[in-house]
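Below is one structure. I have some questions about it.
By written order: A, B, C, D, E and F. Residues from 1 in each chain.
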Amino acid sequence: YRYGLAEDEHQIGVVTGLAYTSVGGDLLQIEALRLPGKGRMKTTGKLGDVMKESIDAASSYVRSISPQLGVKPTKFEKWDMHVHVPDGATPKDGPSAGLAMVTSIVSVLTGIPVRKDIAMTGEVSLRGNAMPIGGLKEKLLAALRGGVKTVLIPKENEKDLAELPDNVKNGLEIIPVEHVSEVLKLALIREPVPIDWDEDAEEAAAQALAKGDSANAAAVAH
Amino acid sequence: YRYGLAEDEHQIGVVTGLAYTSVGGDLLQIEALRLPGKGRMKTTGKLGDVMKESIDAASSYVRSISPQLGVKPTKFEKWDMHVHVPDGATPKDGPSAGLAMVTSIVSVLTGIPVRKDIAMTGEVSLRGNAMPIGGLKEKLLAALRGGVKTVLIPKENEKDLAELPDNVKNGLEIIPVEHVSEVLKLALIREPVPIDWDEDAEEAAAQALAKGDSANAAAVAH
Amino acid sequence: YRYGLAEDEHQIGVVTGLAYTSVGGDLLQIEALRLPGKGRMKTTGKLGDVMKESIDAASSYVRSISPQLGVKPTKFEKWDMHVHVPDGATPKDGPSAGLAMVTSIVSVLTGIPVRKDIAMTGEVSLRGNAMPIGGLKEKLLAALRGGVKTVLIPKENEKDLAELPDNVKNGLEIIPVEHVSEVLKLALIREPVPIDWDEDAEEAAAQALAKGDSANAAAVAH
Amino acid sequence: YRYGLAEDEHQIGVVTGLAYTSVGGDLLQIEALRLPGKGRMKTTGKLGDVMKESIDAASSYVRSISPQLGVKPTKFEKWDMHVHVPDGATPKDGPSAGLAMVTSIVSVLTGIPVRKDIAMTGEVSLRGNAMPIGGLKEKLLAALRGGVKTVLIPKENEKDLAELPDNVKNGLEIIPVEHVSEVLKLALIREPVPIDWDEDAEEAAAQALAKGDSANAAAVAH
Amino acid sequence: YRYGLAEDEHQIGVVTGLAYTSVGGDLLQIEALRLPGKGRMKTTGKLGDVMKESIDAASSYVRSISPQLGVKPTKFEKWDMHVHVPDGATPKDGPSAGLAMVTSIVSVLTGIPVRKDIAMTGEVSLRGNAMPIGGLKEKLLAALRGGVKTVLIPKENEKDLAELPDNVKNGLEIIPVEHVSEVLKLALIREPVPIDWDEDAEEAAAQALAKGDSANAAAVAH
Amino acid sequence: YRYGLAEDEHQIGVVTGLAYTSVGGDLLQIEALRLPGKGRMKTTGKLGDVMKESIDAASSYVRSISPQLGVKPTKFEKWDMHVHVPDGATPKDGPSAGLAMVTSIVSVLTGIPVRKDIAMTGEVSLRGNAMPIGGLKEKLLAALRGGVKTVLIPKENEKDLAELPDNVKNGLEIIPVEHVSEVLKLALIREPVPIDWDEDAEEAAAQALAKGDSANAAAVAH
């Protein structure tokens, strides 16, 4: 018997990003947890302000599309989230793990595991657009060294592929993406099932419930 | 099927501002999101204190005119707002995106998209007045380079247009504005529909409801 | 149709203060807004700590006299206030806008507009006393240049008028004041109508209401 | 008609302390306000951390003796307090205004005015003991210059009176004190009327009330 | 008549610690107050971070043994605590007042006075263990000078007594202690009376009460 | 009679970690307490940001596996936690006490004591994986000196054992671990008993209870 999640469930919320430092590229393991709570977000791993903001942006974007992910927006106030990037002693910064942050958060919210042999790099906008990043060559070399099979990169970085050595281009499946929607299709092992969500109807139902009008509550929100 | 908003809805909350840096002018993409929440405002994108304050001022101004926008002032306590300015690694500061911030916030609040070929620059006062900005020439050059068709500038900057090269004046429709009201008329694809709002009547209705006096609640606030 | 307040209402909460910097005097436009909320005070405009504290003192003083202004003290927990001093990129500091802060806050609370051709300078104590300020000469020169007609100054600065050039003394109506009460009489376009306020009776009524004793609630507080 | 408190009421919450700076002694006007609120304490006047802590200590001490002052301890959660020390641009620090802070807070809580021709200096302990201060000579000179008639000093500073010039000793009534109780007797224009307070009985009454057991609530707490 | 606690009650919450500074040892008067409140802890007296943390540790330890002290753990949410170390202008730091902090907090919680002629030094662990401190010699010299009769020191510092001059060893009763339990037996004028406390039964009673099931509430928790 | 926990219970929440400083290895005593409260985490002992984050990660991981530990996730909002690392004056930092933090928190949550002759080192990921650390040799030497019998180290550090002197390898039982599950099996004196936990059923029961539907509440959650 083993505490914690089993090996295949282990992949829920775990995403491989790619870092670029003064001494070359590196793999970045991103871990997210969802806990019963009050809508709080905790981030750890000696993260710089820009990386913390990229988690904020990822989190807000995911909240904005939550009905498409099968998650009621009101659920967010009942959960805490924790995003951690080991190892804890190494400073990390920059916005380029945005797509990976989105994927990690979506995975823990939906409970859908992330494919294990995929890595990704790309800033994310508040609309889910994949935005260009720096250090593509070093990042892809690190992915190759790390045994990654598939790497998602921003479409706008496709032009930088020209300067890559052949062994990298042959050793990796490199897929340019424009939007989070493509990332989730490629990285999650199955697609989330959307739900209907109508803010005004939900609110009316909540008010009917508060007034003890349970018949109407059902009628309004059914 | 694509996660996130469709292309035309994409324009809700997205506004093009104009930045002026030591190396020239640049386009500034402003993105706002409205989420179910508790009245919190989050800002990201490595924004300086002055730009954050300009978002505070924009937000308060919009709250002050919310009935004219068709939005009950009490709704603000049920929503969170997130304003992001990519890219996340580039520091941004200054008050001159005030008009764009107002437009972005109004757009997400009302759900009315922003015209895509328009850009704007101008500080905003707490009364919605357009106030003069610096670097007009560099900003307009960047707008031209970026394919913008129409640029809104503060009326008080009209005098600076004299020193602009002809190709800029011919290549752009430059519209001087004095107040947010003109900006919204030009930038939103349709006008918001105002609602009646009487703070005292609303409060009386809320109190009647709290007392279980639902007949009176309807009568007072109808 | 124009968003925001009409021209004459525009004067609600807008007060002209006088600043004194290393390069001379300047006009300081102070803008206050009152919003439905929770008793929060927001201040923007790159204000230093001393100016922020002067807004705190002004706000507490106004709360302490609110029945004389026709405003129930308990209303403050239902409103947010925002005080902004454009332009947003210029640092401002010092306590000498205290009287102007009080006037601006009283104006938004009561909805009574401020006379447009008046300016004022003076620190305010927590009892509403007008306290002396520095840079009187430079401030009055700026008022004259700015088209101001009447300037309120602290009585204790009257002695500094001797060193003013005649054109300033002739071009401005300079009125020394000792207390906020005189400032409000001169700056507001009409006087507020006081209400009765008895803290203990109000509290008893609130408790009766909480207990469902609506008859008594009316009787106690009528 | 004058906004704010009338002249004699003006003395409620206003106490004269004595400061000691590198350029000599000075009078320190301390102003406190009590407002309907939620138990918050605000301090303004460019106060250093030690002076802010002395206000915290004064406030806690006063709360601890509130029944002796005729004030229910539970009232503190219904009021906000504001302590301000003009002028707002001059930094002030040190613990020696402790006795004056206590006196000012007691005055606003009880509504009993402070005698106008009295000044005081002395740190206060959390038990109300008067503790010794520095700069006695400079402070008493400032009191004399400022027209003060009576000065309260800590008993432990009595030994320092030997080095004072005769004109100071003759011009001022100097009263050494050991405890806040003596300060309040001398500085307030009348004595507060104590009330009975039994924490356990109050709590039982509050719980009975919460359970709708109003007969018992009265019986328990009568 | 005297405001504040009477002389013998004065000893509630007042404990003598021992400080060690670059200029020798000194007595440290620790004062605690318990006030009706909301579970807040305030600390004043220019305390460094390590001393503040030692108060946190002392407070948590005391909360963890509160039933043994006759105090329900739930009472802590109904009280505020204030720990002050005069004089307010002298910086103090270090963990060695831990045992004294525990004693002071226990005294105000239980209302049992602290013996007046006792002093103590020793860090405290989160389990109440007395941990070794530095500067023992200087501290004991200060205790002797200050008229203290009995000094409690950590057992682990017993070995340092060898280097003390005879007049100190003869002039003071020095008692080595291993745990807070010994400190409280020696320093409080009487022993607290423990109560039974069963967290689960208390919670069940609270829930029964919340459901209006007062018969069961009594039965469960009696 | 002794205040605090008895000697064998003393081991609840107390774990021996291993530190590595510029002057060699050292034992690190970690102490955790669980108190009735509101879900707050307090950390003391002059801990650096990385060590604080390692406590955050440990705490979130433990919350995520709480049903396996026999603890309802909702209980966390009813408790406060305090983690302290004496002595209070020595700065400590780094992520390598992660496994020890997890063990300490699990021990206080479950009330299961920690074996006294065991020490451990290892960073912990948000999934409970043991991650490699530095200074293994110095840490094991300190464990030997400190009388520790068994040391748990991360599997990934097994390769570093080659360079250890024989006396260390012979004097200590060194057990490489990959996951928290192995650590808890080895370090706790007995295994926790898991409970069933279904978030959705719990929520439904809570809502039925809130609606006064106690029959259904029992039925749903039985």
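Basically, a residue touches a chain if its C-beta (ideal position, glycine included) is under 8 Å from a C-beta of that chain, and two chains touch if they have at least 3 such contacts.
All values reported here derive from a predicted model rather than from experimental measurement.
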item	value
Any chain in contact with subunit B as well as subunit C	none
Subunit D reached from subunit B - shortest hop count over touching chains	2
Neighbouring chains common to subunit E and subunit F, by label	none
Centroid comparison with subunit B (C-alpha atoms), farthest chain	E
Chain of greatest Cα-centre distance to subunit C	F
Separation of mean Cα positions, subunit F and subunit C [Å, integer]	56
Between subunit A and subunit F, centroid-to-centroid distance (C-alpha), Å	28
Chain centre separation in whole Å, for subunit E relative to subunit A (CA means)	49
Contact graph of the chains (line, ring, star, complete, other)	ring
Round-the-ring chain order [start: subunit C; next: subunit D]	C, D, E, F, A, B
Complex contacts: residues of subunit B adjacent to subunit C	49-50, 53-54, 56-57, 60-61, 63-65, 68-69, 73-74, 76-77, 94-95, 98, 123, 125-128, 131, 179-181, 184, 199, 203, 211
Subunit F to subunit E touching residues, read off their complex	1-5, 10, 13-14, 29, 31-33, 35-36, 38, 42, 44-46, 78, 82, 84, 86-89, 209, 214
